[in-house]
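Note that chain A is present in both complexes that follow, paired respectively with chain B and with chain C.
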Partner chain A sequence: MRESRLWALHLICGAGLLVLLSLHMGLMHYAGILALLGWAREPAMSFSSVVERGRGAAWASMYVLLLGFALYHGLYGLRGVLGEIWGTPRAVRFINTGVVIFGLAVLVYGVAVAVQAARH
Partner chain B sequence: MAEMTGNPEGGVPEGGILTLRVARYDPERDRAARPQEWKVKILPGMTVLDALFAVKEEQDGSLAFRCSCRMGVCGSCGMFINGKPRLACNTQVSELGPVVEVAPLPNHDAIKDLVPDLAPTFHRHRAVLPYIMRGDEAEMESPTREFQQTPEELARYVQFTYCLKCSLCLAACPTVGTTEQFLGPQALGQVYRYVADNRDEGLSKRAGVVDASHGAFGCHLAGACSEACPKGVDPALAIQLLKRSLFVGPPHRAPAQVVPAFPEGYRTPEAAERPKAPPPSV
Partner chain C sequence: MAAEAQTPIRTPTPSRLSMRLGLRGWVYAGRYPAERYLYILHRLCGLGLILYLPLHVWVTGRRLQGPDAWQQTMAILSRPVFVAGEILVLAAFVFHAINGFRLLFGHLGCALGRPGHPVYPYPMALHRQRRMVVVLMVLAGALLAAGVWDLLTK
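Up next is the complex of A and B:
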């Protein structure tokens, strides 16, 4: 795939991360602020909240999206750094393959965990 | 190479004495560059290149440097002068202070003394196909008429045509310094020069070279290339515009048309009124 498309995906994932991380930070760590805004819920880390989030398909999808965005964004950056250190065509091929295999493995594992949690 | 330190605190008046400290390197004798100093009397309007010529003619004929036009047009005399890549012919010694330190361009191999090896620069330049490419090859190879272009269409790219190929931008670029495969600001800037030209239709062919991690997307946008450019070409801007072009296509919507040919023997009314040249007298 051309670099411009990979780079566009990198930017899209960055924007997606910004949205999802804002949601995460708001719900998990700034419950006080949400309460001030009138969106008070149960404590995010209480047992019932964790179980509820784990079972919901929407939450599972969000976790998977967050994982995908973070993996792509981070691994694209890592690939860029490694490619600048070892820039020979052979090294670049090796780095690209390694990054794709690692990313897919972590993504598959993460999706499996999210799906497993949603089933229980 | 050790960082050269300049004296930014104003220059030396005419008639004063300038210390010229040059990084000497002879591949047959030296393993690394060694500094050598000369004293030069400052003359009115003296440039660094003039000072180097004064040394070569009066003190040490073995000093090697490259130059051609001596007026900031050919780009041959790029050097690292008081810590910045500059054209020696374009740099007044009076602006530099009593000590002027001159070294060959960074990010380049030195052939001898101040002569950099520019072969990689021209290799990169050649790699990006720096010429107009059209679909109608017959017209390109044997043009019948000129291609139509408005002043506005010219304005889109004319700034980028001023590139001298002096390699100062490559000497200033930190990515070129760390990543040998990076195409560099000169070549990438010239890609945009052709992409933005509405006579050109070669973006898809060039994309194979520049739409890569060591192409336009290898640029870290340090902006040092634009600062170093003696002609105000702004390669950093060109690279960013090139990235956009790789996403959304060239800035022009349609390629320039060939101006329709006038009928055989046609003359404009103004041309008909113009007086004819007198017959030759010799």
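Up next is the complex of A and C:
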């Protein structure tokens, strides 16, 4: 039951990522095309654009949500792959602990960056 | 007799089988259909993306150190090796997203066709999805081409 819930959450995060990451990648990697269509003015990676995007609670919340979705979805997948290679109960415990610690560390750093950028 | 009864039966589960096959078990799916190979590529792209994510978060955090630090980071990232890496990340993302959409669709039971009688040759849901697979992969190729064009004409 627990595993099926974790799996369902993996799928939900995947669906959320499809929306949020597509938006993020669209802004970052298709800025030239968006500019051709008249939807973007400044280069996406200029300092002023980056600062402007990071400012405000709405953008910060979106980035935090995106990071949370990406970390859960990605690390759940990594856990599955590693569990296939080292399937002993001890190894699985080690993998689970490592994945949770790594995920929390990246999440805490990412949230700190998003919050500081929003206050900038 | 007693020792025989205690011996656990080791069935060749997929994980044990892939361990025995080593790397070949990861990249070679025998005569399975193309979707099995797409799944292998999906996992490889996913692994690449999750390994890249902490680096991306760190690069994003550089903006907090001011415009000079940001420009310095962007100058490093504009080197050909990093541009090539960015193209790989973009390719991994586009493929993983489009194929993930297909997998999610399948999990929800969409585009698999209606169940029918098991008459030989048995119709497979994957065969019914094949047209969608082709369309989605063409879409992924087009999105990747547009992204690479955008990246190289910055």
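Convention: the second predicted complex is superposed on the first by the 111 of 120 C-alpha atoms of A that agree within 3 Å, B and C clash if a C-alpha of one lies under 4 Å from a C-alpha of the other, contacts with A are read in each partner's own complex, and residues count from 1 in each chain.
Here is the rule we use: a residue touches a chain if its C-beta (ideal position, glycine included) is under 8 Å from a C-beta of that chain, and two chains touch if they have at least 3 such contacts.
Keep in mind that this is a model prediction, so the values were computed, not measured.
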Which superposed partner A:A117 touches (first chain B, second chain C, both, neither): second
Touched partner set for A:E3, first chain B, second chain C, both or neither: first
First (chain B), second (chain C), both or neither touched by A:L21: second
Touching partner for A:G32 - first (chain B), second (chain C), both, neither: second
Partner chain(s) touched by A:F47 [first = chain B, second = chain C, both, neither]: second
Which superposed partner A:L67 touches (first chain B, second chain C, both, neither): second
Chain C versus chain B, contacts on chain A by residue: C
Which of chain B and chain C A:G77 touches, first, second, both or neither: second
Set intersection of chain A contacts, chain C complex versus chain B complex: 83-84, 87
Residue ranges of chain C touching chain A (in the complex, touch as defined): 14-16, 18-19, 43, 46-47, 49-50, 53-54, 57-58, 60-61, 63-64, 67, 70-71, 74, 90, 93, 97, 100-101, 104, 107, 146-147, 149-151, 153-154
List of chain B residues in touch with chain A within their complex: 175, 178-181, 207, 211-218, 243, 246-247
Interface residues, chain A side, partner chain B - complex: 2-4, 7-8, 79-80, 83-84, 87-88, 92
Residue ranges of chain A in contact with chain C within the complex: 11, 14-15, 17-18, 21-22, 25, 29-33, 43, 45, 47, 50-51, 54, 67, 70-71, 74-75, 77-78, 81, 83-85, 87, 106, 109-110, 113, 116-117, 120
